[in-house]
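So, here come the structures, one by one.
Next come two complexes built around chain A: one with chain B, the other with chain C.
And then the complex of A and B:
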């Protein structure tokens, strides 16, 4: 897609996405979105061109393209867009049109695992709690953190926090920094034993139903544990 | 109608007000020209001639000519440092002028608003304006050229090797509520880039734009030249950062290579937009014009002003020097016809 092919005018269907509330037809093609995007240029990825393709109704080309899946949904584009076009919503919208079996593998499998097990890794609850306790023990051995412990499924805590799956997989060290801050601040916090997954791959894959399930589980945890505040870093 | 008995108040001593004053005086009407600042010429008086090897009809030199004509015409009375305190509408307009605290009453048959524009202040844009000395507005660049006859970096007084021009800063921006194109900036930036290159041939110029707005009858002539000598990139940069050696790094998406690019420049020039001026709002309110929701694209109130009130120049919408003088000329003609058909003589 880096070399633009002429598109037959018969293929254009400007009404195709008219019902999307994203203001794509306001685009002035200034390219601020593409200039600010952290992943523009990867495989020629050009958000400006995506918006124009949406405006022209090139549905097949968009759904088959890898471009919408390069986007990290960070939202910088929407922030700088002088016409306030909802570009990340457009990316999600395009992703939602793809057959679920065609969704990139890691996202597809991760989301399936999350819907089934509560987290993208399919990590059983006892393994999850074991990893958290291991990390807590390591912290407790550091000077100044004697007696440190992690509170899982505590009722009535001030903060309930979700966990990014990589933190209990490849990046366990990264749990320590913010837990230490909680300790130093005397914070009353807890982590739910189940449905702790903070990433929502329903959002990234454009699957509204799955996104709702994942978000709903966090709301359920808040109610079940009567937590006062939610910390959802993802 | 005996023109000599008629008196017109022209508010604003920029290019439109000056032109209108001269045109009205030539029609035999007496003119009171009021300017709130200490000098005539408005924004245009700070603009530089943009001639390269020949005149490119930018109009900057017309300002001095108009100042001289207005200043020397017996029928034009000029009040500098003067604000309009009050306007009472009877058959004529009774106006209170305040010149440095001294009030004066005049009675006029018609009022012309030539209250101009306000330049957009780009401090909240991600281009480091106000933080990095070598990021300047196009108006500041013009002033520098006009004053010094050359362009140097403000930070170290060195001649720049390359310069970037970023278009549409504060124009065509719905997040600011500015949906209009400011019209003059594409032509002004390209002319200025070529003018600088003519005087300082070592300067490489890059022009970042959305689409080149083609206004003015001779545009194609110098646009063809600019396409040869200026790097034109159809992309608006996202950020300007200062490098360790005091240069400016721009990041942008290059539509030709489909790649994210970073380029380093000695100076960055922001083509800032034109905005309606507060004076237009305030004076229109004094004249009982409903200014709710007024902007350059919502100006219906100004298009149908009350009898005896006229508007010219960039108070109406963005326009260049030549178009402002035409707008002023039209207003002068409209005023003359209005006075012929409306008896405002004192009885």
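And then the complex of A and C:
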């Protein structure tokens, strides 16, 4: 165990996060969050410590740390917090302050591809529709599903469904489950040919503007195709 | 629904954070009962985890952590989830979330549970459909 380095008082800026509506200053330091968090202890991670650092305005230390990125924002901490401090929102807020080029892994790259092309993979519409039709043909060969077909860009359907990009990438078999249920239920459903991406990685990178664009496109699809209900399982 | 499809299989159910705690906070309703009702239409033999519902353990794959590259941390995060599933004795875990599904499949071998079947809730329903054949 090492003794932590003392923090110089000149580096503290308690006003730094005052505009955040997260009530961090109400923390009782009871550590229920720390006790319930599955990653407390990894790399010095501790939700209570992070809340205290927010109160003290230690922005640089927080933004440069890995902590908000190994947190899954699962919400067990806020669930047990006696002061109802929304700790996952704070984590996401810290993520939002990271330089976009320093966002770890493929999160920001995927989001950029989605903003540009309509999906995280940058998959062209023609390829997307081809994959859907291939999978539909496979279903039609199964007993009981003869005559099955996939409905793309149909107007006035009861259900419009989004697609998780992995289902048209490495996990095409998993497209079949919902489709079989629709078929068995005699459901009137459709998939939009463009902007079908159901994941919204702005949620993970703390990028509200991008998140709004992605969600807005789904709303546009609903209006364009006059669909009655939205199935957005992602 | 064909309940005999998984007879002899003990299953359990995992509440994703977003359909449970998060939905409860943001939309005022946590989806705990609905998936359990669906489970019961498909299988007779399933048990809950402990803890469960709003106190459920996260799988460790949420919040984008499957894509950040911090894989050692993510696998370690999942240890409590895997212990919890193991304690139920179930050989199949049903989840209604793409991230949970990916994470549980990705880490099960790390915890000696290679044979654990990870199934989407909608996959369970599709598997149990009784179709008229020509």
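The definition used in the following text is that the second predicted complex is superposed on the first by the 202 of 234 C-alpha atoms of A that agree within 3 Å, B and C clash if a C-alpha of one lies under 4 Å from a C-alpha of the other, contacts with A are read in each partner's own complex, and residues count from 1 in each chain.
Heads up, the rule we're going with is that contacts are C-beta pairs under 8 Å (C-beta built on N, C-alpha and C of every residue); 3 or more make two chains touch, one makes a residue touch a chain.
Quick caveat, the model's predicted, so the values are computed rather than measured.
**Q** One more residue to check, A:212. First (chain B), second (chain C), both or neither?
**A** Neither: A:212 stays clear of chain B and chain C.
**Q** Which partner does A:31 contact after superposing on A: first (chain B), second (chain C), both, neither?
**A** first
**Q** Where does A:40 make contact in the superposed view: on chain B (first), on chain C (second), on both, or on neither?
**A** It touches chain B, and chain C stays clear.
**Q** Return the chain, chain B or chain C, that is in touch with more residues of chain A.
**A** C
**Q** Is A:48 contacted by the first partner chain B, the second partner chain C, both or neither?
**A** After superposing on A, A:48 lies in contact with chain B but is clear of chain C.
**Q** Kindly classify A:100 by the partners it touches after superposition: chain B alone (first), chain C alone (second), both, or neither?
**A** neither
**Q** Contact-wise, after the overlay, does A:228 reach chain B, chain C, both or neither (first, second, both, neither)?
**A** Neither: A:228 stays clear of chain B and chain C.
**Q** Once the shared chain is lined up, is A:70 touching chain B (first), chain C (second), both, or neither of them?
**A** So A:70 only meets chain C here.
**Q** Report for A:146: first if it touches chain B alone, second if chain C alone, otherwise both or neither.
**A** second
**Q** Using the touch definition up top, name the residues of chain C that touch chain A in the complex.
**A** Per the touch definition, chain C meets chain A at residues 17, 21-22, 25, 54-55, 57-58, 60-65, 67-70, 73-74, 76-77, 79-81, 96, 98, 102, 120, 122-123, 125-127, 129, 131-134.
**Q** Quick one: in the complex, what on chain B touches chain A?
**A** By the definition above, chain B touches chain A via 126, 168, 172-176, 210-211, 234-239, 251-253, 255, 258-260.
**Q** Residue numbers of chain A touching chain C in their complex, please.
**A** Those in contact with chain C are residues 38-39, 42-43, 66, 69-76, 78-79, 88, 91, 104-107, 110, 143-146, 164, 166, 174, 176-178, 180-181, 184, 199, 201, 203-205, 233-234.
**Q** Contact residues on chain A for chain B in the complex?
**A** Residues 2, 26, 28-32, 34-37, 40-41, 44, 46, 48, 80-84.
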